[in-house]
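Please find the structures below.
Each of the next two complexes has subunit A plus one more chain, namely subunit B in the first and subunit C in the second.
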Partner chain A sequence: MNILPESARVRRPAHRREHLDNGLTILIIEDQRLPAISLTLLLPAGGATDPPGQAGTASLVAGLLNKGSRRRDADSLAVAIDDMGASYSARTGRDSLVVSLAGLSEDFMDLIALLGEITLEPAFPADEFHLLRQRRLHALTRAMDQAATVADWTFSHGLYGEHPYGPPLSGTAASMTNLAETAPEAWHRRLFVPAGSCLAIAGAVPAEQALKAAADIFDSWQGTSPPPVSHPDPVPAARRILLVDRPDSPQAQIRWGHLGISRRDPRHDAAELVNDVLGGGGFSSRLMQTIRSEKGLTYGIHSGFSARLHAGPFQISTFTPTASVGEVLRDIDDLVGAFREGGPTAMELDDARRRLVGGYPLQFETATQVAGQLLEMELYGLPEDTLESYQDRILAVDLGQAADLAHDLLHPESALAVVVGDLSAMGSAPADWGTTETVDMGLLFSARTGSC
Partner chain B sequence: MNILPESARVRRPAHRREHLDNGLTILIIEDQRLPAISLTLLLPAGGATDPPGQAGTASLVAGLLNKGSRRRDADSLAVAIDDMGASYSARTGRDSLVVSLAGLSEDFMDLIALLGEITLEPAFPADEFHLLRQRRLHALTRAMDQAATVADWTFSHGLYGEHPYGPPLSGTAASMTNLAETAPEAWHRRLFVPAGSCLAIAGAVPAEQALKAAADIFDSWQGTSPPPVSHPDPVPAARRILLVDRPDSPQAQIRWGHLGISRRDPRHDAAELVNDVLGGGGFSSRLMQTIRSEKGLTYGIHSGFSARLHAGPFQISTFTPTASVGEVLRDIDDLVGAFREGGPTAMELDDARRRLVGGYPLQFETATQVAGQLLEMELYGLPEDTLESYQDRILAVDLGQAADLAHDLLHPESALAVVVGDLSAMGSAPADWGTTETVDMGLLFSARTGSC
Partner chain C sequence: MNAKTSPPVGRPATLLTLDARQETLTNGLRILLLEDHGAPVVSYQVHFAAGSRNERPGITGISHLFEHMMFKGTPDCGPEEFARIIQAEGGQVNAFTTEDSTCYYENLPAHGLELAIRMEADRQAHLLLTEENLASEREVVRNERLLRTVNTPYGEARELLMALTFPRHAYGWPVVGWDSDLVAMSLVDCQSYFSTYYAPNNATVVVAGDMDPDDTLAMITAAYDNMQPAPPPPPVVTREEPQRGERRGEFHKRVEAGAVMAAFHVPELTHPDTVPLLVLASLLTDGHSARFHRHFVKSGRAGSVSASVGSSFLNTDPSIFRLDAVANPGESAADLEVQLWAELDRLQENGVGADEVRRAVRQIRAGLVLQARTQFYRGLLAGLYQVRANDWRFSNQLDEAMLAVTPEDLNRVARTYLVPSNRTVVTLIPETS
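Moving on to the complex of A and B:
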């Protein structure tokens, strides 16, 4: 399958791209197959812009946008959406905040007016702030009971520390408790600006009508971004392991990794291909074949690069019976080390190319999915041919390039490992790691991170 | 919107429907928009066919189908799927077991052969049985920590008792522990038969080719269903309340309901319309407006009819601070009672019609969604025009019919209520209910149900 059959090729999705004078980009994906329309507003500011000690602010803003505007309270907004049979969502990433509203295309004018009201005129009422914050605090408490979550958070904090990629996107108990009632409104006033933002309109509305309505609603949106706060990328640290004690837990959660690459790095797609061979989720990956299938030490093991504006983490995740922690850590070291030196085999690379190229078309089934792909390009400023050249670029990665990438991007010598489990039952398993530190979850996520 | 604009109308999805000699129905939905194909095999036997004391058998069968065939072990099957970049899933309902496989259309011949191998020739290896059962037992233990799950299970057991709709679909600790290694294979041999089953092929494969391949693979499938076990519908019981103690829990989970209707009942769609006004999920429903918005006694409250072969439950679900349990129960009684006597207002009915008709087109975005809608028609033997007449039928329900339905289908006089919370803090709140019984979760789901 090194020559892509035409029948498996994803074509450039037909769309229009325009700009308003205030800097807002508008994407129109006209699609008349169903009488439906989806509106997605992407803001290029997410959890990474939370002020120090205020982790979770962007996430709270996303949760509060539809909880009251200058014209209506939370109930009236909810009823307005319900009465159209429409669906609404808002979510935060490290680099973005995304608000979506979808419904019947015949309701388009009402839907876009409502999207404008929710995003440009939120009221952030005090009672809704306290109600949502209380729910988030409950959710954070429950999350700390999950060993997998504790492992993810400890890894992220260990790798990034006080860098904004360090704390959980949803905040910590301390940062949530300390947050002032006025914080969401202040975040919105400072960062909710048109320049760099993008509105995608996908579905059965004529492009001209969609464009005109978008201009009518969003032309008055003003404001300029503050100069971006510059965060130096964290420096690779010496190899070390962080241990979190969970007495009586029969299994241990393991994380292993180091700094990865940025979504804007031209090697991004090839890095995903190379990772697919090592541990990208499939049963045939090296990590899965050795540690699950041959040795039976885990039910699943997975590796991946997280794509972000700055270098995101490269992370391997798995779990194993407490007594096997040492063996799994050694196996990971050995497997990553060997892959770094030798790269994939010809057959492994062929299989991975086929998986990535074959799974690609299913990411373009609906107009909303197409909008999502185009918005990611806008957010990270990716080259114009990113989508339609993807399959050819993946097929073009040869063995030499794949081996070079594995060598450049994998770094067992500076890996951070995290183990969450019953330390008393683990013996001296992780003793051969450079530095060992036992971490107190309560200190890490209730006080220290929160007060920084 | 009592006259449906053409632009909002869902048309009859184009498809072919054929039968093999062994009784298997084949649906072909040809769709050339993307180079993808999805295969879905529906078997008209699910959790309701679990033998007494063996709840969870069908669910375990679904989990084990891809864990080894007569030709390959679990790993080889997983690698075969991975290498095509395909996705696989199997799930159980009360009335059905559904296996899906999706991938590139150019892999169609390999995909359909694999689907045949997985569904017709599973090996149910003993080690995979024990591994999966152990994981399920862990999951059941964790589920019992969730007050919402405990409430759902207690309600279901209280309403259906030893009827097969009584126990959890996933089984109980007792039924899972007692299950013999041979039970999944026995279930498969007895119930996995072509008559009444249906294979849907949706995507970019020519209809003739799809049909021929389906016949090649599934023609040899033999077997006839055992005569269906007849379960009398449970008789409406006297009004009563079941209490489950969770000391120190600040909130209580509440369920309230009674027997509803069958998916085959011609009133099914109109019943969903009427329920939408009462508590069908929206913010403007009567339950939500009174108990959440006016009184602030809960964050959310929802009602619904579950559609099954036999009469499924009508169930209201909510949660509230312990001190408010009595008030919420009285409010539910009052609201359901008033709605039963008076039915919806003209404006309420208009809004609900609009919501249901407006949300309908979004259920047909992808070829896979269309296949799912057609398979539901096959499973319940619904009239041929079910899909394309839906919107018109909803618009045609008038105030008198809606009032009659509310009166016929709602029964506060025989309601079952379940409260899971801190009983010592609840006082005499539910004292005005006919019969009060305190239920021990351990007894209910570990021993009694399991040994029946």
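Moving on to the complex of A and C:
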């Protein structure tokens, strides 16, 4: 029953993996199906490197990369990108900064030169720093209108506190306001280095040409990584609930969770399998079946372990009409509690295994998706055969192991719950939550002063 | 198209040409087969020519609510089993409803295709509609409406904008429907909707990806051939009269930042002016070099600005050119609106530049190639345009028309459609506690 047929085994295009002398890894995935190419530069440093009190620094660096180079100003760079019809993005994660440029393969040489200019020669002009920072401050205030964002940020802050995974990646009003004009350039000089970084080139360009162009442009990149800073995981706290008031809101956003595991934890893939049964498996999961399909209390509910270098959160996310908050929180407690004690049934585990194993090839449909998978291996230092062995490893997880994992990884006794909604309409806080605390998000994260 | 005074500024060759084999069963079911063996993946899609444009007051939102009911089971497949079975084959399963059509899809490993065909045909022929299923799904949909519309800063103001823009046509109500209609909808309404719109002669099946067209056609024929056609659904006859004067509305809400939203009436997707309007929207706000992005967002004058034509993949009936701008916290949306019209006036007076037109065309065309890397997206292009433009080749035609577009075309459509008498404006005004 647990043997994988050859037809279901993931089949991905061959790739080349090379290193430059400066330590940069280059991945080439050649794919001639469509005249497109995507370039992705991954740097193994993200929001978690923001110094204390300077949350949002890495994110601001990402935003400023295309706002002027040593050769051109921001407008000229924008015209150069848009002239090719290219898509540009620079995104910050907790553990990474990823710059992507995608376009037509006939523009490959111009695209890769532009990527080099943007990432290696940013000028960080002062006027652009002030413009972007002001936009970010406004965006932080506007984010308070998005209940889901408020819930996510409150949950991270509640779970991680002063740990680098605590503050919003885009910073807070206080950290942004205090940031020195020179901070982005200093961050870039210290952390934007080739060692540990990886450039993936995926699409319709011959591998040899791609490799030569990458070497020509990125060979001159210099710098060594600073010693890694260790951050001890936060100590699990007692159960508690944080309430954020949103007057007039007819629906409440709910988060429920606790510390999870690192992406490098050998249990990671099996943990995803077990989570699939609880709340990861779309319409079929226990949380969806009870809270959406049977009771109609929500449109969606999802649980998951976040992949991070250090222990990421295990988080359940949902929303429900204000009057149903207590019932949904009780249902989550009951469902997680029962799953922790009993684990999945044989049929649930079999379905989840088939779902993850059968759906695996869909994650390798395009060359860009293949590049994304390989970059994840690079970022977390996982062996390359992790991808090849995935399906066999998932099939090998048996009922006993799944039950043990559910028991070891789920911790209702130290759960943190967050509710963002109309507190006056909600009535009293749900019973059996140890500590209840009301938080004013505006004061914590945005530039707003005074209470709601 | 119109006479041109300058040469085309696009690129010389098409970048993405969809190729499909088209078949029709005797019961009227249309089938489009897009063979591609690049990856062992296939997308199976059923597109029904039924969306909110086919509704009437009292049952607004029934197309979308019905989409949910399609997951509630048949005599051979228990409630919610549909998704479980497809997912257990490694498939992704979902559906979406728009103004003009409803689409059900499965993206699966190639060997799962037969299962998807069998299960889609089963629920199209034998769906079980019960009071109990309707009761729970009604609440799920009302929750979805709260999530996407009510509990967001702009959702309700957008509803007001559409209601003011389309006082007659069905585009005036949201796809998710009015809450009071969702509450009132009955099982009889659902049964009537099912028998009217879910017959094979109102559906297009699309298969894109790693499959053999002959084998696939045989499987589809076996699964669907027994279904009986129904009388053609009643045509949508209501038309908006030309707008003769600006319409305005205000929506007050507890939000941090105000916004201004405007809609200008424009023609249906097959009209020759659609392509210049698409390029104009892109030229205004796509990319960091776009006019309005630079003037409003980069400069810090506004939080965001976006321009668009109709819905994603455009609309069957005459639709709108949308212009939305979000003000900075504490700044006036009314002032922002004044600046928007000033910039639009400037564009209409001075015209657009050949460079920015070339750039916008390139962005749209390259963006299409980048998206069309998945079988799912290629299938959507063929299926959605088959339903909306009555021709799956429509995306190829759009691409060709992009090559021929000129600055004069853009100037003409800007001066024709983006005028005050043709616009409806809604301002979102922050309310203080």
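Just so it is clear, the second predicted complex is superposed on the first by the 436 of 452 C-alpha atoms of A that agree within 3 Å, B and C clash if a C-alpha of one lies under 4 Å from a C-alpha of the other, contacts with A are read in each partner's own complex, and residues count from 1 in each chain.
Keep in mind that, in the parts below, contacts are C-beta pairs under 8 Å (C-beta built on N, C-alpha and C of every residue); 3 or more make two chains touch, one makes a residue touch a chain.
This structure is a prediction, so every number in the text was calculated from the model and none was measured.
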>> I'd like to know which partner A:N66 touches here: subunit B for first, subunit C for second, both or neither.
In response: second
> In the superposed arrangement, does subunit B or subunit C reach more residues of subunit A?
Replying inline: C
> With the two structures laid over each other on chain A, which partner does A:K295 touch: subunit B (first), subunit C (second), both, or neither?
Replying inline: second
>> By the touch definition at the top of the document, which applies to A:G23: first (subunit B), second (subunit C), both, or neither?
In response: neither
> When the two structures are overlaid on chain A, which partner does A:G161 contact: first (subunit B), second (subunit C), both, or neither?
Replying inline: neither
>> Is A:L104 touching anything from subunit B or subunit C once the two structures are fitted on A? First, second, both or neither.
In response: both
> A:E365 contacts which: subunit B (first), subunit C (second), both, neither?
Replying inline: both
> Of the two partner chains, subunit B (first) and subunit C (second), which one does A:A204 touch, if any: first, second, both, or neither?
Replying inline: first
>> After the superposition on A, what does A:R135 contact: first (subunit B), second (subunit C), both or neither?
In response: both
>> Counting contacts the way the document defines them, which residues of subunit A are shared by the two interfaces, the one with subunit B and the one with subunit C?
In response: 7-8, 34-36, 75, 78-79, 81-86, 102-104, 131, 135, 282-284, 293, 299, 351, 354-359, 361-362, 364-366
> Once bound in the complex, which stretches of subunit A touch subunit C?
Replying inline: 7-8, 11, 31, 33-36, 38, 66, 74-75, 77-79, 81-88, 102-104, 131, 134-135, 138-139, 141-142, 144-147, 247-251, 281-284, 289, 292-300, 319-321, 350-351, 354-362, 364-368, 446-448, 452
>> Please output the residues of subunit B touching subunit A within their complex, sorted ascending.
In response: 5, 7-9, 34-36, 75, 78-79, 81-86, 102-107, 135, 204, 282-284, 293, 299, 351, 354-359, 361-362, 364-366
> Residues of subunit C touching subunit A in their complex?
Replying inline: 15-16, 36, 38-41, 71, 79-80, 83-84, 87-93, 107-112, 135-141, 143-144, 146-147, 150-153, 254-257, 286-290, 294, 297-300, 303, 326, 328-329, 358-359, 362-367, 369-370, 372-375, 433
